[in-house]
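Per-chain numbering from 1; labels A, B, C and D assigned in written order.
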Amino acid sequence: MSQATIILLVASCLNALILSSMYILLGLGFTFLFNIMGILNFAHGVIYMIGAYICFILASTVGINPWLAMLVSIIAMGLFGILLERFVFRPFLGNINLIIVVCIGIITVLKNAVSVSQTYTVQMTPPFVQGVFKVGIVSLSWERLLIFLIGVGLLILVLLFINKTKQGLQMRAVAQDKEGAILQGINVNYISALACVIACALAAVAGSLMGSYLTVNPYMGDDIMIKVLEILVLGGIGSINGVFFAGLIVGVMDAFLPIVVSGTQTQAIMMFAIVIILLFKPQGLFGKEVRT
Amino acid sequence: MGLMITVRDTASRRKNYIQIIICGILICFLAIVPLLTNSPYNLHIFILTLIYIIAAASMRFIMTSGQIPLAHGAFLGLGAYVSGILSKHFGISSWLTLLVAALVAMGVGTFISFPFARLKAFYYSMISLFFGVGMLQTIESFGKLTGGITGITGIPTLFHTASKVPFYYCFLALMLISLFILYRLEVSRIGWNLKAIEQSYLVAGSVGISVVQYRVLAVAIGCFFAGLAGGMYATYNVTISPSSFDMAATLWLIIYVTIGGMGNFAGPIIGTLVLFLLPQYYSGLKQYTPFISAAILFAVLYTFRDGLVSVPGLVVSFYKKRKKGRSKS
Amino acid sequence: MKRTGSTLLVTSIIMTAILVLSSLAGCAKTTSTKTSTTTTTTTAQPLKTYTIGLLAELTGFLGAYNTATVNEAQIAVDIVNEQGGIVVGGQNYLLKLVVENGQSTLDGTTAAANKLIFSDNVKIIIGPDAYFNSAVSGLCEQNKILHIAGYCTMQPDELDASTTWTFLGQAAAINYFTGALAYLKANYPNVKTVALTMPDDGSIPFFGAAVQKMVQDAGYTVAGNIIGYNNSATDFSPYSAKIIATGADACIACSGVVTPNGNILKNIRDAGSNMLFVICNSVIPKNYIQVAGAKEATNVVDCSAGYIGNPNPSSMLQEMIRRYQLSTQGADLVTLEYANPVYELVQLFKQTNSFDPQTLKTAFAGLTSIDTFYGTGTISGIKTFGINQAVSYPLPITTIDNGVATFRQYEPAIVP
Amino acid sequence: MIILEVTGLTKNFGGLAAVSNIDMKVNGGEVLGLIGPNGAGKTTFFNLITGVIRPTKGQVVYKGKDITGKKPHEIAEMGIGRTFQLNPLFPNFTILQNVLSSFQLRPRSTLLGTFFNTRVYRNNEAYILEQSLEILKLVGLDKVKDEMAQNQPHGYQKMLGVARALAIKPELLLLDEPIAGMNPDEIDNTIEAIKRTSHLGVTIILVEHNMKILEICNRVIVINFGQKIVEGLPQEIKENPEVIRAYLGSGHDTKH
């Protein structure tokens, strides 16, 4: 095996890890919302985009420190999450059609608001870190390492939150059996709000990071949206651990498929791989089977 | 008229006559639209509306069985591409390709829905969503045949005339036939069984309704008409591209159904008409048009959540209440 | 299912109302457009307006970009009007742009073109952008509408022998590539094998094939197949890794927008390779430096939109730059892809002294060169498109090293 | 004659056995009570018989045919009707529509016949209509036939469940807690209706934890923790100490 091939493989493994961490970060929030409130939040991608834009505007137009900007955008999106839960999701709980309509409304407004308000220039959040370092034979930029580290760090935090804190355990209870949780006297609205906040905050983090790694534009959320749905279904409805494996699988596919096939075929192959997996395991890799 | 008519008393039979008369008037009106508007562009909009009414109505038919077909836009696309490719690259008559498109969509829909019909309806929605996106990605990645993201242009049309009037009447006829079939299905026992399954598949099973059979049937019929609409779109619009059959397209179909009103057969028709024709008033606003559309969505959503069809009912009950109030005082 | 009857009754009344209203609105619209067109013939008003149709993707993924390019065209029109408009048949006309939105989809663009032709009744259409011409060229051919495209990706039905009414008024991907290849051939003798990359948006079988042929004709060996990337990918490093693995001396980004190209460049450098990176599309070098980062943007050859470093810009171009920067707080002009056709049209009006599309078309087709914002343009393209109706003009070659862009020279970049 | 025979029926959810190794025989025309405290696995037992869930092991034989693991609608077709303890109906249909849409099997119309509204189909529907009205009389719901099912009091909904089950002309009828949560006179009506039904020659198995049901049973089987404790005549069951323990908790007998 030639030097080039080895480098290619190692580099791709690193890519897979980095991508996975980003996907899991986004998928987690989305899955929370679905498991806890039964909501398919089609606006998740747009929330990610808005998070990126808040960070970008603060950091490059206003000119404050990017880290501070990221913090502000996280807080802002967290608050936005509370509003979202109270005024958008709660009134329509249990009716997926209405939720879809309201999500489309939000998407349309936010996307077009951004694309109308922003003049056409290349828009990019200033880098959080710079420089390159070598790992063995391949070299990696600190920027991407940072994305990976923040991703993993937040995942660990979220896991601790779910498994150790009272709210976290309540969250899992609600995710598994809502009626039961209500009977136990858990305040489902509070838990839902919490889930929304977490989802939006995580999306904001991912957005800010990707905004400095790629560029920001009003349509950056569309592709992410599909990835997130893949992760939800692949991981399995109602399971939180499933997200990690699903995210890993999607990341690996995204990192390795482009090397063998061309761009759009990657997407097609991935989709059909998932469809086939679901044909054999309809409840997802970690979901509980529900038979009629 | 199946279950409903058998339990009809004379009063509701009169209502039935009224319905027929109203529909008659409407059809007559639609028949003279080309005389009312002399701009080909307006006719173009009306023709698209006819096509999307079929799509939305067929989507609602699937939804009555409790399944949400998140690939309906993609099935539209499947129909469009099948008919487009067949008629452009293989020179098959457009009339034939319409039928083929519908049948292909039907077949694929059945194939996809079958493994999931025995599971919770939600799983079908998910798989269909993925299948939909995957199908478009495939279309995009076979550039030679489908023109990739660009799409196909120069598809042979049904009528080789510059005028759009023949298209209008032809598609009006197709729409009326499709709607008639869907309506008959809905009011017959088939439609009622679908509604029964939607309400409780356990009870439905316990009285001998085959849940799997009926769910697949619903999807098959829905996809058939989706494919038909897609074929019509391709052969009328002569250009098709994946981006107009993507997830957003499906979600917009759901919006037509929901804004119009899920509970009533007229729902998708009203919804499509409103959301298709209304934007023509403010299309002058260019890049600001989406905001108006969103505003309309929110307005309807937060005022009458059962859709526009519920408005008359609400009005009637409101006046009844006021009458009561008066008679008391 | 209670009250089905009354519900259906009233709903159908609503339906009828909507239908009536909309159709009436339709009639109203047509009549209004009628009046606007009759103004050009009645001698009531002292000053008349002539309407030109502009197809742009104001929403969708091209939204922000085309909003900018439409502004450029509007500025150009304003300048023309302020200089007294144009005189045709002894009568003074002010130009008026009517813009329709194609929503960044082929179907949307078709609908918009229909609207321009049948509802706005224009005889001249400028645009659209990207690969959407295929939706318009055929229509214009049928209805004898003069169509001046702003860009062209060599998809079928965009511009070929059968579309005699369509002109390419602005440099397209193929121009930028021609310029870059010529410069590469002349100044980098040690480059033997090149890797080609471009967005995988269906243009690979057509534009990609043409490019590959040109590269091979120029005596290079192409390493592997064309590497098509997904424009909306979250991370472009897999593609960079693939490019490096080909072991080519240089990588040519044949087309595509700034985000993917910039990121591929960045990732190639981060992965430790210093191969020559050639970019050929309209985006100005500054943006690549911004996206890739100063350290990573090095050993790059860029053939981009023409007004940068233009030694003797026309007075009109200077005026446009001034106004655009006023309106956008100092942003650079984008690509003038709609402004250039306007500029060319104005010349044609002056030459032919008529608005008749037939005359304009024959005049345009008869020309061998026409003036553009970027300098004198040659009209060519018989070998590439099968018809001699593409305007190409000298394009500036810029090299970028350690984040510093230096203007080298002008390449004729004439499409064969 | 034995109409239903269950041998070694077992269902495990994960580790614990909801139903473990139950044998029983049901004679045609009898009313068999299946009692036991909450969570004893009675409903699971019904779901196993009617094919809603598949048994882990064991088999169910109905009129000599093995129906283990068949689909619910197939089992309904063979003449086994059932009611549900919770949401026993189609909430958005009227009472009459509930019963109408429960006539799936006989008379049955073909899909095409249904679509083209053939004379056969119309005749079937007309016949179904009069049948439904009869059934509603039988269970005493004919006064409210045009009311929305979901707005009805609990007792009515339960009775509607029975009516729906009768619509498939069952030979074996499984009633899941028919009188749970009813007030005394509702209970009396229900018991009357059940008696009337059984006089039509329908075999009935009913699940209850309310001892009051015993008075109409010919035979009673007591289940606890998914196992059959005792089987016998109602009055024997009443004083059986095991049953009392099962109901009043194991702390009870230490007092003696």
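The working rule: a residue touches a chain if its C-beta (ideal position, glycine included) is under 8 Å from a C-beta of that chain, and two chains touch if they have at least 3 such contacts.
Just so you know, these numbers come straight off a predicted model, no measurement behind them.
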Chains contacting each of chain A and chain B, listed by label: C
Far-end chain from chain A, centres as C-alpha averages: D
Two chains sharing the most contacts, counting C-beta pairs only: B-C
Chain A and chain C: spacing of chain centres that average the CA atoms, whole Å: 35
Rounded Å distance, chain B centre to chain D centre (Cα mean): 41
Whole-Å gap separating chain A and chain D, where each centre is the average of the chain's CA atoms: 48
Chain C and chain D: spacing of chain centres that average the CA atoms, whole Å: 72
Junction residues of chain B - those touching two or more other chains: 140-141, 148-149, 202, 205, 211, 287, 290
In chain C, residues with contacts to at least two other chains: 59, 63, 67, 200-201, 204
Junction residues of chain D - those touching two or more other chains: none
Sites on chain B touched by chain A in the complex: 63, 68, 115-116, 118-120, 122-123, 125-127, 129-131, 133-134, 137-138, 140-141, 148-149, 201-202, 205, 211, 247-248, 251-252, 254-255, 257-259, 262, 287-288, 290-291, 293-294, 297-298, 301-302, 305
Contacting residues of chain A [partner chain B, same complex]: 42, 91-92, 95-98, 100-105, 108-109, 111-113, 115-116, 225-226, 229-230, 233, 237, 262, 264-265, 267-268, 270-272, 274-275, 278-279, 282-283, 289-292
Interface residues, chain C side, partner chain B - complex: 1, 3-16, 18-27, 29-30, 33, 58-60, 63, 67, 99, 101, 104-108, 110-111, 114-115, 118-119, 131, 134-135, 138, 142-143, 153, 155-157, 200-205
Residue ranges of chain D touching chain B (in the complex, touch as defined): 50-52, 71-73, 76-77, 81-82, 84, 87-93, 96-97, 100-105, 109, 111, 114-115, 117, 121, 125-126, 128-129, 146, 164-165, 167-168
Chain C-touching residues of chain A, taken from the complex the two chains share: 4-5, 7-8, 11-12, 15, 18-19, 22-23, 112, 115-116, 118-122, 124, 127, 130, 132, 134, 138-141, 144, 210, 213-215, 217-219, 222-224, 227, 254-256, 258-259, 262-267
